[in-house]
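Naming follows writing order (A, B and C), and every chain is counted from residue 1.
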């Protein structure tokens, strides 16, 4: 029996369906990322889990207990809000202690647990400060401490890193994961940043237009996207059309690649499929022999990589190469592109719109 | 968490009850009163009549008072625009701390009772007051200001000026200085910037300020009462006379309702202009 | 862009205009003579003594103070739940209710005065200080309500959600989180309501009776009959009281926020 089960969870506001028939099972101690663009339903899922929004249909079962109709102040979940929602008139220590106060924990025990938690998030020096005296990153850590000190069965994170600047965000991602691993708390994180979701989640749930699109471990999600949307939302992609002929994918007359484990084994002979080729899987062939002739139209320097836009018989493609010290290809140059046999992915046919 | 359906109504019920009792009911009673008969011997009687309104609308004395009230209120509004809008602009261009200090200086008189302010102007504009002393010193000689429209308008402008400064100031605060810079960079002269960029954004503030000033001036009592004397009767002092001296309550009620209706009409018209022209464009 | 000398001259004239009557009235209050003159050199407190010796004036002061204290407190007690409902909950009739509670700002006090006079006459309560106080409550509630709503609108709703998620009941959330956040709005609202009640004259003229005459009404009555420096002394005292309240208001809440509104 999974630790958290969402069964057929739906939420509609009149004609607007914010969440449609969501099914999800989360194991104890897992870190699950809810990923998708704005309006996809991820925030609604979180609010329904927290109890601030009443589901139209469906059930929420936490550790065997049906909490669908339980008011939010009795669910006992730890929540980190996007704006942190710290109590401005209380110090850091008082903020963190609030949940323990509500649970009638004795003062000495409260002080002990708050002290330990502040040490865990490296804020012990700032216990007597007020939120307005803290930086964004520090406030975020207070919010995390406040949610975790009550030892909740589950932690909900609502875009916890979106208000931080890029460098801090990276550092905090790993910090969050470290804390979560140490405490073993089952965690659900809502985010629109795919890099963030992939880097720290055990599993990622991709959502779009109110529905779950795919649930998978990050690597599988990236390497085997199940739809056009996922392949372009999670990472960059080149989308190509191909015809299945004799156990191979024909991208263009004379250009065939083996089906292999591309996921196209079930496709009928002669059918036209969509193929996803990730830019980092493509490479410029040393020497003259490659699979496809291209011309470099534009190139962008991204520090650790070069991103090329090339034109070819298959259309415009994106190619990404590591900045390994070799001279980059100049614009307007012609070159040959190649890729290993097993990196093409066939996307399942789209359901009729 | 969805609070119960009844919670909001429970929360507002005390205030709602009080206001229904002390605002809606009295206004309704006054409306009824204006249709009741009155005689100087027997006072207010039951019975429906339109004669009160007919008398009021047919008598040139009342029209004279309405007319005087209207032009005094309009003049006050105009002066407040001419003085208050530039002052708000000048304030917005000051640096800290002067800006806050002077803003307070301009607005703080709002918190002093209007009786005190009217009395103060009586002293300043009186025959031995500062203004006349100054005029004598320059050789112009004494000018009669007290118990003339001059004193009434001056005191009204003094009391109403903050009500013009506040909305204009608020509009100015919302201006993005970058927008003016953008206009300059595209080749506009300073005057054009002021006319085509600043003024349209400030106009809603001017309109709502003007509305408040007009409405308050038209219904002012203490100022015309203390500084206007017997000859400068305005609507408010007229109503005062009818209720407390003549005891002709139905007539007083009729005049009061007429004032209320005019106020509401002006307010609706101004709001319509604001909604129509400005909300659409600027949100 | 700085202000040019012409602008600053205009500005100084406006400032002088705004302060003139208040300054003059405070100065004349100290005149040793029987006439309304600005004292040059000789100062006297005789007119202040006259004020404190004037039984009616002192009684009116206590009337005003009593009414203002009670009315401001009642207004705030009404405005807190009403403000909560208007700012935080969505319910049918919310706009209309907000309009009704703000209506004393739009309906002239003059009209409210005569309307309430009619009501009091019909109910036979014209001499009652309780009904006078209730009338004041109605007039000053919009000021308290406006500050309350803007304090609530300015604070983050998720703070209350956070408290609930940590286990606080709705009452505890209100008591420990919402109320403290509203406190500046409550104190500022109380003081603004107080001063507006104390100052009120236009409506009060109609509904006070000889026993309940408030200070501004008493002043108005005396000023229409005779002009003597005692009225200047009363005025100076009122200006002094107002200045004290303003200072407190500025300390606790910020006078510019109160008068202009939070941006």
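By definition in this document, a residue touches a chain if its C-beta (ideal position, glycine included) is under 8 Å from a C-beta of that chain, and two chains touch if they have at least 3 such contacts.
Given the structure is predicted, the values throughout are model-derived calculations rather than measurements.
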item	value
Leading chain pair when contacts are tallied as C-beta pairs	B-C
Chain whose average C-alpha position is farthest from subunit A's own	B
Subunit A and subunit C, separation of their C-alpha mean positions in angstrom	55
Inter-centroid spacing, subunit C versus subunit B (mean Cα positions, whole Å)	17
Rounded Å distance between subunit A and subunit B, as computed from the means of their C-alpha atoms	59
Numbers and ranges of subunit C residues touching at least 2 other chains	164, 170
Shared interface positions of subunit B, touching two or more other chains	1
Subunit A, residues touching no fewer than two other chains	51-52, 71-73
Contact set on subunit C toward subunit B in their complex	1-3, 7-8, 10-11, 14-15, 17-22, 24-25, 28, 35-38, 77-79, 81-82, 84-86, 89, 91, 94, 97, 100-101, 103-104, 106-112, 114-119, 122, 134-135, 137-138, 141, 145, 164, 170, 195, 198-202, 205-206, 216, 219-220, 223-224, 227, 231-232, 235, 238-239, 242, 245-246, 250, 255-256, 259-261, 263
Touching residues on subunit C, where the partner in the complex is subunit A	155-156, 158-159, 161-170, 172-173, 177, 180-181
Subunit C partner contacts - residues on subunit B that touch it in the complex	1, 3, 5, 7-12, 14-16, 18-19, 22-27, 29-30, 33, 83, 86-87, 90-91, 93-94, 100, 102-124, 126, 128-130, 155, 158, 161-162, 166, 169-170, 173-174, 215-216, 218-222, 225-226, 236, 239-240, 243-244, 249, 252-253, 256-257, 259-260, 263-264, 267
Of subunit A, residues touching subunit C in the complex	50-52, 71-79, 81-83, 85-89, 98-99, 102-103, 146-147, 150
